[in-house]
Amino acid sequence: MAWLRSIFSRLRARLRGWARKRQGPDSGDITLNSGRIYILPNTQGIAFGFLLLAMLIGGLNYNNSLGLALAFLLAGLAVVTMHHCHRNLSRLRLRLGATGSAFAGHPAQFSVTLINDARAARFGLTLRQQSTSECIHLEPGEHQALSLTVNTSRRGWQSIDRFTVFSTFPLGLFHCWAWIHPDWRVLVYPRPAPPGLEPPAVETDTAGSADRRHGDADFSGLRNFRDGDSPRHIAWKAFARDESLVVRQYTGADVTTHVFDYDSLDQMTGEARISQLTRWILDADQRGHAYGLRLPEQVIGADLGPIHRERCLRALALL
Amino acid sequence: MKAATQVVDTPRLLWTLAALVLTSLPHVMHLPWWPFVLMAFTVSWRLAAITGRYRLPGVVVRLLLAAAGFAGVLLSYRSINGLEAGSALLLVMSALKLTETRYVRDLVVLILISYFLIVTQFLFAQSVFTALAAIPAVWLVTTALMQTASAAPPLAWRRALSRSGILLAQAVPLMIIAFVLFPRFSGPFWAIPRAENAAVTGLSDSMSPGSITELLESEAVAFRVKFDGTPPPRKDRYWRGLVLSNFDGRTWSVFKARDRNLNPDTLQPLSNAIGYEIMLEPHHQHWLFALEQADPASLPRGSYLTNDRRLTRNKPVTQLYQYRVESWPEYSASLTAADWEMRRDTQFDTRLNPRTQELAQQWRSELSSDAEIVNRALYLFRNEQFFYTLSPPALNRDDAVDEFLFQSRRGFCEHYASSFSLLMRAAGVPARVVVGYQGGEVNPYTGHMTIRQSDAHAWSEVWLPDRGWVRVDPTAAVAPARVELGVAGSVPDGETLPSLFRASQLLYNLQLGWDAFNNGWNEWVLGFSRNKQIDFLKLLGMRDPSLRKMLLTMLALIGIVVGLLSVHLLWQSRPRRADALTRLYDRFCRNIAPAEGGRRPAEAPLHFAARVSAAHPERADLIHLVTNLYLDLRYTPNPQTSLSELRRAIRSA
Amino acid sequence: MTMTALPDSQTGAALADVLAALDEIILGKPRQLRLAIACVLARGHLLIEDIPGVGKTTLAHALAATLGLSYQRIQFTSDLLPADIIGVSIFDRESSSFQFHRGPVFAQLVLADEVNRATPKTQSALLEAMEENQVTADGVTHPLPEPFFVVATQNPTYQIGTFPLPESQLDRFLMRIELGYPDPAVEKTLLTGADRRDLVANLQPVMTPEQLTQWQQRVPNVPVTDALVAYVQEIIRYTRESAEFAAGLSPRAGIVLLRAAQAWALMAGHRGVLPEDVQAVAPSVIGHRLRPADEEAPQSSTEIGQYVIDNVAIP
C-alpha cells in the first residue's frame, strides 16, 4: 500500500502544481468559477457505486423491475447529487482575510470570509489546510468568516500558499473542492523561553530615587508632612507661600527601563538567546516597563506599547 | 472524507436508526420474529449508549451475539443461502453492526444496508403496495444519508426532508429514462432458492375433497390474459393446468413416475390457433396454464408439454411470469395411446366404492361402446336429482363416491369430476381428472381477462378409441351455468357465496378498476422484459432498437436532463436581485455616459454626477436631477419624490 | 464641494458664516476646516498630526475665536505632570481645607500642543478628562465646561524621548487630520500678508456657545436610512475581513463614523446622510483606528482610510 500511497501523493503534488500554474496566485476577493472547481467521488461515493452495481446486476438478473427502478433512481440521485455538490462551490466568493501572528509552536490563524451572493443556500462549506475548519451552511446573501489554523515550528516568515475549500453536501458521495493560492505570510515570533531567568540589573533613566514604593513618576497631590517622609518630597513652594509643611505625593511605578542585550547572554546558543530575549520582552511589556533591545546589528531604543513590542519581536523573529 | 472519521453524534445516530428500523420492519411479513427482537435489543442498547451511562458491548459480547445470530439463521432455515435466510442474515448483521457504530463511517454503512433492505423487499413482492411503501422508505434513507454522511451540521428535519425530496424528485426523470432504455437480459443467470414452505394460494398437484373449496373463496388473481383477437366464448375457456391420473380411492394426484415429453405427432389441430399472452402470478410451482390445447410449437422458452399434455416449466415461477402461447380450440390427442397409459388410467381400488363399481359394470354389459358409457353417465348426472352447491354435506371417508352418487348428490366440480372419472375407470374407459381454471372475466377498462383462484375448476378427460382423449365436464351436465356464467351464476338462490360474488355494483366496478390498474402495473412495470422493452421502443418510434442505439439514446436523454438540471441550478445561484430603485439607478448610470464607464462600485452618486457632468456638460441638468431624486428616495426617510417620478425623469432623457 | 444635494434651507446659512470667517484665516484648507467643525458638532475631539509650523495652533485658536469659546493652550513637555493639566488641591489655611485650583483643561476649547512630548501618565490625564467630560481630584468630581472640545497636536516623526499616543488611546479622538504644506499661491499670501496670529486676535465670534450646543443637539437627529447603515456596515465588515488590516474597526468606531457623517450632512445641509457624507469624514475618522497588517508600508492614517473608502462598494 505504501507504494500506492506514494504514487498518489506524487500525482496529487503534480496536479496541484498544475492547478497553481493554471490559476495563478489569489488575493482579495475570489469568485470560484467552474474552471477551478474539481469534483470526484469519495470513499463513500465509491461504496455507493458498488451498492448500485449490486442492485443493477441483481435487478437485471431476476428481471426484478422494482429493484432495477430503485437502482436507477439511486444512480440518478448520485448524478443529481454531484451537481448539487458542485453548486455549493460554484460562484462562491471568498475574501482572504487578516493573518495573525503567532509564537513558534503555537498555531497561527488565517481568516477567510465565505460570501454567498446567490439566491440559493450553500451547504457544508469547509476549509482545509493542515487542519479542517468548522463546516458551515450559508443562507442566500449570508457571509461568514472561517479561520484556518496552521501549526508553526520555526521563527521567521511562514507562508501559506495553498488551502482547499470543499463541500461533500448533500449526500457525502462526492468531494467537491477548489484550491486557493493566497500569498499569505505570517510572521512567527520566537518561542519564548520558560519564565525563570530574570533580566540583568535595571538601568533607569529617572534620576535619583530608588524608592520603589513611591516612584517619581506621577504627581498626584499634596498631604501633610509625616515623620519619615523624604525631605526631597517637601513642597517647598507651598511652604514658602503659607508655611505649612506638606509633601508631594506620587503614585504609580517607576518608569523602569531595561535594555536587553543579545551579547549579555553569551553562555547560551543563538536560538536560546533569542528565546530568552523574547521572554523578557513579554514580561516587561506585561509589567508596563519600558525596554529596549540591543542585537548584533540593530539597536532598538527603549519604549513601550504594542507597536514597540511588535517591532522588537519582529527583529528577533527575523534575526 | 473527514466526516467519515467523525465520532457519532446523537442526531446522526437517530436518523440512521430511523432509516434502519423503517426499512427492516416490512420484513416482518416473511421472516421469523427473532431477528427483530435482536434488532430491538441492539437499537435500545445503542440508544442507551448515547447518554454515556452505558457502554457499547465489548468484543466478547459482540462475538457471542454474532454466533447466536448465525445459529439462529441456520436453525430457522438449515442454510444461510436463499432469499429468506439471506434477508434474515442481512437483518442480523445490521443489528450487530449497530453495536459497533463509533464513527460516522459506520453509520453510512448502515444507511447503505438500509437501501439494500428495500431492494430485498422487492424480491419477495413487487406489488403496487410494495412500491408505494418503498417511496417513504427511500426518502427517509436518503434524508438520513444527507444528515449523516457529510461533515455539515445536520439540518432541521423539515428542511432536510424537503432537500432530499428535491434531490429524489430531480432523480426521477433519470430513473424513468434508464428504466425504459437500459438494455435488459432475457433470462436469469442464477436463481436464489426460496424456502419450500412459502405459502401461496393456488392449485396443488393433488385433489382431495375440500381442496378446491378453499380456492373458490379466494379473490386472488391467478393470471391475466391478453388475447390477440377476440377471446373464445366462456364455455370453451378451459385453462388446463394439471392432469391427475393417480387415484388411491380418495385423492387424485399427478402421475410423475414416467413424466416425459409429449410426442408432438400425437397431437393434431382441428381448428385455427388462438394466440394470447399470459401474465402468471408467481405460484412457486413448475406448471403453467394454457387453453386446451396448447400448440407444442408455440411454447415459451424453458417449458415443455408432458405426455399427459401438462404445460410445465423447467424452473418454478417465483416472479410474475409472462409468456405467450397459441392454442387450438379443436384438436385430437393420442389417437393411439400407449398400453401402460391405458392401464394406468383404468386403475382404481376395487375394495372401495362397491356400488359405483357395480353400476359401471352394469353399464359395461348393457352398452356397446365407450362413448355410450360416457353419455350414460352424463345422462345420470343431468336427469337424476343432482345439485350443484358450494356447501355440500360431509362424505364418508372410504366410500365417498358411493355416498355422493347414491345418497347426497350435492357437490361441485371436484365431486362430479372425481365420481365421473371413477365411474369411467370402473367401466373400463380410460379416464383422469384435469384441474385448472374455467372461465375468466374480461375487464372492460383494458380488455384483458382476469382469471382468479375462484375460477378453479376440475373436469374429466376420457380416452375414446376413435377420438383419443376427450374432455368431459360432468359439472356442466349438472349445472350448465357454471361454465356459461361462472360460479356466481350457477349456485341456487339463497346459498351463501364467498365475499367476491356478493359484491355490490360499485365495489365490483372498483374491483375491475383496481384489476385494470394492476394489469397495467404488471404489464408495464413488472413485466417490462427485454421483449416488452423492444416493443415499447418500437411503439415510441425507434426503428430497430439495437443495444447500441438504446444505450446511445439513453445517454443522450440523460445528458439533456442533466443539462437542464445544471441550467436550473445555475439559475438558482444567480446573484440576488437588487431592489427596483437600485436597478433603475444602476441602469441610468450605465447608460448615461457609456464612455465614462458607468458608476464605479465605490463611487458616491454625487461624485459620479460631478465626474460625468464635467465630461458631458450638456447632460449636467439631467444628471443632477436624477441624482437628487435618487438620493432623496434612497437616503431620506420621508422622500419628497416617488419612484415613478424618477422613472419619468430618466425616460425624458 | 462643488455641489450640494438635498439642501435644507434652515441649516446652510449659520454654519456657512462660521466657515467663511475661518476660510479668511486658514488659507487653502477648506476641507480640514470643515472636518474640524464637523468634529466639534459631533462632540468629538480632534487630533492634528503634522510637522510644526503648518498652522495647527492658528487653526485651534481661530476655531475658538469664531465659535466664541473660551480657549486654553497647554504646551506638553516631558516634565508636565497630570496636575499641571487638571489642577491642584492646595491647602487653604484659612478654611483649613484643600482648595482645588483648576488647571488649564477647564476651558471650552483646549489646545493640547505636542501631546507626544509628555509622559503616558500625563497624556492619560488629558484623555480621561476628554472621555468623561469631568475631572476627579481628591475624590471630588469637577465637571468640565460645556461645550468641551480638545484639539491635540502631535509631531508624527519619531524622536527619542517622546511618547506617541498609544494606539489604544487614539480612538479617543473622533478624527485625526493632517494639514500639510500650503500650495504655492497660498504660501505667497502667507509670506506677504498679515500675520495670521494678529488676524485671529481680531476675530469676532460668529456664534455663541449656546448656539453651538443647539447645533450639536441637532446632529443625532439627522436622518439615516437603512441603505446608509448598510453602507457603514459594509465599511466595517471590509476592515474586519480584509487581509490588509491587523484588526478591523470596533463597533464604537462604526457609531462615531455615523455620528461624524451626520455632522457633515448637517453642515452640507443634506436632509439625510448620504454616502458622500460618510466618504467625506471616513478617512479622518477610521484611518487612525486601523492598523495595517504590514507595518512597513509607509501610509498615513488618512491614506489608509481613503483606501478603505475606495474599496468598499456602496450597496
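Letters A, B and C name the chains as they come in the text, with residue numbers starting at 1 for each one.
The rule we apply is simple: contacts are C-beta pairs under 8 Å (C-beta built on N, C-alpha and C of every residue); 3 or more make two chains touch, one makes a residue touch a chain.
Fair warning: this is a prediction, and the values are worked out from it, not measured in the lab.
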### Summary
Min distance from chain CA centroid to global CA centroid: chain A
### Task
Between B-C and A-C, flag the pair that has more C-beta pairs in contact.
A-C
### Query
Just how far, in Å, is the C-alpha centre of chain B from the one of chain A?
62
### Task
Take the average of all CA coordinates in chain B, do the same for chain C, and state the distance between these two points in whole angstrom.
85
### Task
For chain A and chain C, let me know how many angstrom lie between their CA-based centres, rounded off.
35
### Interfacial residue positions of chain A with respect to chain C in the complex
27-28, 95-100, 111, 113, 143, 145, 182, 184, 217-222, 224, 238, 242, 244, 246, 252, 255, 301, 303-307, 310-311, 314
### Task
Using the touch rule from the top, collect the residues of chain A that touch chain B in their complex.
42-44, 47-48, 51, 54-55, 58-77, 79-81, 83-84, 86-87, 90-91, 117-120, 123-124, 126, 128, 132, 135-137, 140-141, 167-173, 175
### chain C contact footprint on chain B (complex, rising order)
601-607, 609-610, 624, 627-628, 631-632, 634-637
### Query
For chain B, which residues are in contact with chain A within the complex?
1-4, 105, 108-109, 112, 115-116, 118-119, 122-123, 126, 130-131, 134, 138, 142, 145-146, 148-153, 155, 163-164, 167-168, 170-175, 178-179, 182, 184-185, 187-192, 319, 525-529, 558, 562, 565-566, 569-570, 572-577
### Query
If you look only at chain C, which of its residues touch chain B in the complex?
2-3, 5-6, 223, 225, 227-228, 270-276, 279, 309-314
